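Pasting the structures in now, so scroll down.
Look at the two complexes coming up: chain A is in both, with chain B in one and chain C in the other.
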Partner chain A sequence: MILHSQARFAPLVFLAAVLAVAPLLLEGTYYTHLATSVLIYSIAAIGLNIIAGYAGQLSLAQAAFMAIGAYSAAFASKSLDGVPLWLRGGLQPWLGMGVGIILAALAGGVLAIPVLRVRGPYLAMMTLAFAWIVWKILLEWVSVTGGDLGISSIPKAQFGSIELDERGYYFLALALFVAVLFFQNRLISSQFGLVIRAVKYGELAVASAGIDVRRVKFATFVISSAVAGLAGALFAHQQSYINPDSFQVFDSVFILLAVLLGGAGTMLGPVVGTTVLVVLPEMLHEFAKYRLIVYGGILLFALYFLPRGLVGEMLQRAIGRRERGPGKPYVALKSETTQNVFEVRGGSLYIEHVSRSFGKLLALNDVSLRVERGTIHAVIGPNGAGKTTLINVIAGVYPSDGGRVVLDGAQMMSKSLDGAARLGIIRTFQNVKTLGDLSVIEHVLIGFAGKEGLRLGRSLFGSRRRGNEWLRQWDKSRELLSSLGIPHHLQEAPANDLSQGHRRLIEIARAIAAGPRVLLLDEPAAGLVADEVRNMASLLRKLREGGMTIVLVEHNMEFVRSVADIIAVLDHGEVVACGLPKDIVTDERVIASYLGPSDATS
Partner chain B sequence: MPLLEVESLATGYGERDVLFGVSFAVETGDGIAILGVNGAGKTTTLRCLAGLIHPTHGRVLLSGQDISRMPAHEIARLGVALVPEGRQLFPKHTVRENLEMGAYQHLRNRKTALFRQSLVEVFDIFPLIAARLDQPAGQLSGGEQQMVAIARALVSRPRLLLLDEPSFGLAPKLVAEVFEVFSRLKKTGLSILMAEQMTRSALKCCEGAIVLQRGGIVLSGTSAELTSDRRIMDAYLGNPNY
Partner chain C sequence: MYFFLQVAVSGIAAGAIYGLVAVGYSLTFSTTRTFNFALGMWVMLGGMLTYCLNVQMGLHSIIVLPAVTALLFALGLLAERISVYPFLRAGNDLWVVSTLAVGFLLIDFAEIIWGRGQNSVPPYFGDEPVLLWSISIRPQQLLTIATVCGIYFGLEYFYRRTLSGKAVRAVSHDREVSSLMGINARRIEALSYATASALAGLAGFLIVPITGAEPHLGTGIGFKAFAVATIAGLTAPRGILLFGLLYGAFEGLVSGYFYPGMRDIIGFTLMIVALYLRPQGLFGQREEERA
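This part shows the complex of A and B:
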């Protein structure tokens, strides 16, 4: 989604201006109260949008986190009752909000640990169960929560000695709403935000760049819960009376519905959705008892006719129009930014007596290979010989049953794809893994994110230097893609629009960007035409000159012969031959089992 | 009458046009290769013929019947089978179940004997599949999955076989064998339309070819014509020695 990096702030500033003058035009406290409610639920929806819309982790517990925020804010504020007024006035709204945010974030963190191990419907069900439990605790733990009577006479928010009236409180909520909106914007357009959006479409591809997906999801879940906590604290001070009725499972569904209706994974979607859902039932006042039917109807309508939500559909139209226009001109880069794309520090990779079986099938049987630094080592063999299994063992996807993998003299201990990637072993996949709506260039940026290491704080509040680094990565990504033969006009298109062969090149660009010391390529030339294969060959040679170590699994023998220093032949999980290309292609056994009698290699 | 006639076919995805007026025909028992660089529109052409996307202009005729607006499952019932890009097997289903999905319309009509006969035929082509029959397809290696994808199309006993990169992930020896199988099947009356990057193998197997560039046909002819003029091939496809 290109829009994140470009047309960013203008609509937000406009929206904030409209909201700032709105209450001045509205008579009476009723509408002001209603407008404040819209802002509060918008904040909660923005929080949910970050985890559900952008990261794709469907949570049904947002109202429960709001409840935690609301109750802890209420306790904190009430505990100040005995404090002298001059001091209380300075603390009151802020202490409650601070406590609300922190406790909601803590609860989010505790829940995230078990919940984020599961996906899809299981995640939704587990968060639903959590929401249920929170609601039931509020109801039953009477001595603390007041049971179904809840907590009453929560003090009004104060500034100094001034107690905020409805209008004053509206402006406080507005200020925080704008802050949260900008926070969302900043987060999502940062490097960390890019990774959040990538996780939604494919965890494997993100992990293969060396990023710990579970940590990213954890941080995102905590952020989302903290934002809900803020909304809850605001709610408590607005209502001055809270009880479990406001935080039922249905309310979590309501917030999710707001996100879906407005447009999950869009900046303003949650705000638009919340506005419609809060205001619409008020307008249909007489039909109050049909409220749930109206919501149900909206949900059915939105999911069927507006799968991208109101804002999402509008963006889709806008992007469609843009694409029909002339492409954006490509601005030439300063040469110094791009010199070091191919500068790598390759490592030696020794595979020693590695075996691996699946049930009764012995996929790898005592395989040993020595891949020296700065060489290209090809692995060929019949289908099902164990080539991909070998890559998976080296890349940490499967543990080996015996033997070891040694990188630069040190035994690889990593048991995970992202762990191996951080040690410098980066692999590509035979079946290309591209990430949904992410643009081509964003795929490469994921690689850089893995190489540089991901820091949430630096990503959010980084200095200008950091911003320049981010821009440099864009330049490097462009350079890398161009050198692979992806034309400029395709670099900002969604990767899924590209042909299979081009998607393969994107994956290789991402792998190179992730800063490998050993690159494992699983059939990089499959699906490429002759010219593209030649480009690929010259790219691999360029990488080798720069010092990269490459393990290449490939069937295109002409390509293999043109780049490989050593060829190993795998058959039934065993190395049956290993040597110089010219010797291997004339080896009788290799011709019989693999190359075929007809001269397929000429 | 040709089995398949494509008349000024144009289509795309959403706002993005990919094909601009492509016309060609495939005779019964013939093979036609679709060649071209990545992004030229080869996969889109096959997807459109299989009914996965629909034309914005032009017509597709199968034995004279207009199938351009027909949903994919109805086109499949008329005897058109696609081996799609990326294989698209059912990874949790066993190999046998994947093949049963391919033969769905025959099994639905209780032609189990026909299915059994089809199985014997595909085992003859891909002996490896017989050994893997009860394994989940997702556990197979890439090349083995490609074999299952081809086999799944064959057990539907199609009149027209649409192949998107049949050589994808197959060892050289197996590529040669698979293309030989295609040649053999054509003699029994099967028509084949294949998008393939291995130009030489494709031209050897097929009677003719069209070369796509940016969504239009820039070159077409019999395989003999195309292979004899090296300069043309070099210009559009690069040296097709690979």
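This part shows the complex of A and C:
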């Protein structure tokens, strides 16, 4: 979406200012304590928002990571009791926080390994099981955690020799809250953040650009847990007494509820959601009795009537009014390179005796093809002939049972889609995979991210020069899209709003951006109208002239004949014919098995 | 040895309950690729209704059993319409949260109606232990194990011999194609949810004489049943029932020999490891991913 502009900092600064002044106007510690709670749970919710909101992985373990942070901070701070005051004062809240963050991040990393192998409901259940395990350990490991009774008399946070009172602690929490909020914004508006958002909508499409999706999810999961660890450490010092009751499975659901209510995948959503959910009970009498009804009711209401959450719906309205413009203030950099976007160094692809079977079905039987550099090689054949399987084997989606694929003289060893893509084999999909509400240009940026490689550290803490590199990628993406015939005014629109023809082009643009040596196109002309088919044909010819090697699976014979240098005919998993287009269309076996007599005479 | 068998047998009786609930997850998962995340709360509802009808209203357990399952069946239909169907059609994962929300509502309603405390339900066939090869088994445990065996053969018959069973298998395999063949896939989806709720209710009916009826009775059962279902494989209902018994025996042994507090920790850790090593489950068939 187009919401990641500098202008979004303005409400943030305003919010921070209001929050900074508010407690000075309030009497007594009750409201200050409540406000601190809002800030602490907001931090946890922001952490969850990164993994659940932006990356779309519904995790139900956030309270467990908070628990790890809280208990570690409590241990660390209490262990400082024997240390002389002057030294302890300097370490007091910080040591605990550091330990809490690190241990929560470690736990997140360990849990991420099994969790990231599964998806959707399995992931939710696995994280829930983890939350249950942590809670049980807190209860049962009495000698360390104190069991039911928890840990009491956790020292107050100190600044030097000054012990922070309720108000002082509020300011500490506020400072950390603002830092976390800025961290979220910086992460999400970076290249890495773009990939995180893309993963939510389609892992295959992201992997096909050469990005290791599992690594991205791993990093996101660890970040999210680390933030929860910070929230937990703050919680421990605020309460000065913690026990397992605060970190039950329900509390994880509560944090997820806050994210969903406020708006998953929006910057301020988790803060708004948390504020509502923490403050609401204070306003209701006998709340404890109806707690689950109130939360369950709010949750159902939000899911039905505010599917984007409070903040998400507001943004949606705002965008509707402005008709999706003007979006990111775009500053064009001077492009030093005016090189033709189509100029690439294609590779040669030799497929040697490749076989693949599914159970008893032999989908590919000893298939060999030689695709020379800078040529277009079409593979045709009836449905079920094994065309898509062939693409999948070349692109690393399935391993082959026998034979090998040789790219530029080197055998392809990669066993995954993203690995093959990094070697330069980039594919598109028969069913166009556009990514949710990502804009057209962001799709192309995903391609560039795959080519240039992802650097989390650089994304987060990179210098200004690096920032310029990111802007340069925007430039290149624009140029690429324009030369593919997608006008500027469509480039900021969500890709899902565009026509099938345009979406095919977007997919090809993403593939080109990912830096292919061989482009695998799975039915690029399917679903296009006649004009668009001609347009596609001329695009492919242009790519070939630039040096690209293309392997093409297609049913539209007219289209194939207009672009292909070589046509291979696949039937029942075997190459029945391979040669120049004019020879293929008159080959009797091909006519019999695929084209039918009428096509040959046309 | 005697202790071993004794512990294992009472574990198996508990495992039968897990199996029963776990089959419910499997039923809806195979037809819709979704399930009720809060199915355990429906076990609790079944138990509470049993208490209400059997103890508060004094009805005989022979009447209570069909009444509770029928009620849960109907409520299950309703809950599917409210908390699953909209998200199923939208194609997102938010049914995870909406079914949990309904579960929360059930817990609080139960608390308001029946209070927070333990309500005891007398065993349906007395409390005189039966001696089998010198192992004493409570009639209630025998009843539970017998019911699960009945369900096992019932499922076998349903899937293999009846037209509706074949329709369910067809929908699990490919919803779109089965719709084209004239199967009302929507009805099968709704009915699978209703059946899952009814089975959960049956589990509640069977367990309350042992545990007593209270609002948080089902939470742990529900999640452990899910562990059973995933370790065995969500698409293999009969494997799930068998594995449920095994898991129950395992739990019994851990509690008996080791330390009851370790039970859940080991069980859930096993689930995470099992999902990692074998995502399709011990008895499940791997689905080939199609690009």
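The rule is short, and it goes like this: the second predicted complex is superposed on the first by the 575 of 602 C-alpha atoms of A that agree within 3 Å, B and C clash if a C-alpha of one lies under 4 Å from a C-alpha of the other, contacts with A are read in each partner's own complex, and residues count from 1 in each chain.
Assume contacts are C-beta pairs under 8 Å (C-beta built on N, C-alpha and C of every residue); 3 or more make two chains touch, one makes a residue touch a chain.
Just so it is clear, the model here is predicted, and its values are computed rather than measured.
Asks: Put chain B and chain C onto chain A via the superposition and say whether they clash or fit.
Replies: clash
Asks: Could you say whether A:Leu149 touches chain B, chain C, both of them, or neither, answering first, second, both or neither?
Replies: Neither chain B nor chain C is touched by A:Leu149.
Asks: According to the stated criteria, A:Lys289 is in contact with first (chain B), second (chain C), both, or neither; which is it?
Replies: second
Asks: Regarding the shared-chain residue A:Val83, is it in contact with chain B (first), chain C (second), both, or neither?
Replies: In the superposition, A:Val83 contacts neither chain B nor chain C.
Asks: If we overlay the two complexes on their shared chain A, which of chain B and chain C does A:Leu498 touch? Say first, second, both or neither.
Replies: After superposition on chain A, A:Leu498 lies in contact with chain B alone.
Asks: Return first, second, both or neither, reflecting whether A:Gly527 touches chain B, chain C, both chains, or no partner chain.
Replies: In the superposition, A:Gly527 touches chain B alone.
Asks: Quick check on the superposed pair: does A:Ile162 touch chain B, chain C, both, or neither? Answer first, second, both or neither.
Replies: Neither chain B nor chain C is touched by A:Ile162.
Asks: If you stack the two complexes on chain A, which partner ends up touching A:Val253: first (chain B), second (chain C), both, or neither?
Replies: second
Asks: After lining up the shared chain so the two structures overlap, which partner does A:Leu280 touch, if you call chain B first and chain C second: first, second, both or neither?
Replies: neither
Asks: Quick check for you: in the superposed arrangement, does A:Val118 touch first (chain B), second (chain C), both or neither?
Replies: A:Val118 contacts chain C only, not chain B.
Asks: Which of 4-12, 58-66 or 94-102 in chain B clashes with chain C after superposition?
Replies: 94-102
Asks: Following superposition on chain A, which residues of chain A contact chain B and also contact chain C?
Replies: Comparing the two interfaces on chain A, one with chain B and one with chain C, the shared residues are 358, 388.
Asks: Provide the residue numbers of chain A that touch chain C in the complex, in ascending order.
Replies: Chain A residues touching chain C: 58, 111, 113-115, 117-118, 120-122, 124-126, 128-130, 132-133, 136-137, 139-140, 204, 253, 256-257, 260, 289-293, 295-297, 299-300, 303-304, 307, 358, 388, 392, 397, 429.
Asks: Of all residues in chain B, which touch chain A in the complex?
Replies: 13-16, 35-40, 42-43, 85-87, 128, 139-144, 146-147, 165, 168-177, 197, 199, 237-242
Asks: Can you check the complex and tell me which residues of chain C touch chain A?
Replies: 34-35, 37, 82-83, 86-87, 93-94, 96-98, 100-105, 107-109, 111-112, 223, 226-227, 230, 261-262, 264-265, 268-269, 271-273, 275-276, 279, 288, 291
Asks: In their complex, what parts of chain A are in touch with chain B?
Replies: Going through chain A, the ones touching chain B are 320-321, 323-324, 358, 380-389, 430-432, 490, 497-502, 522-523, 526-534, 555-559, 593-596, 598, 600-602.
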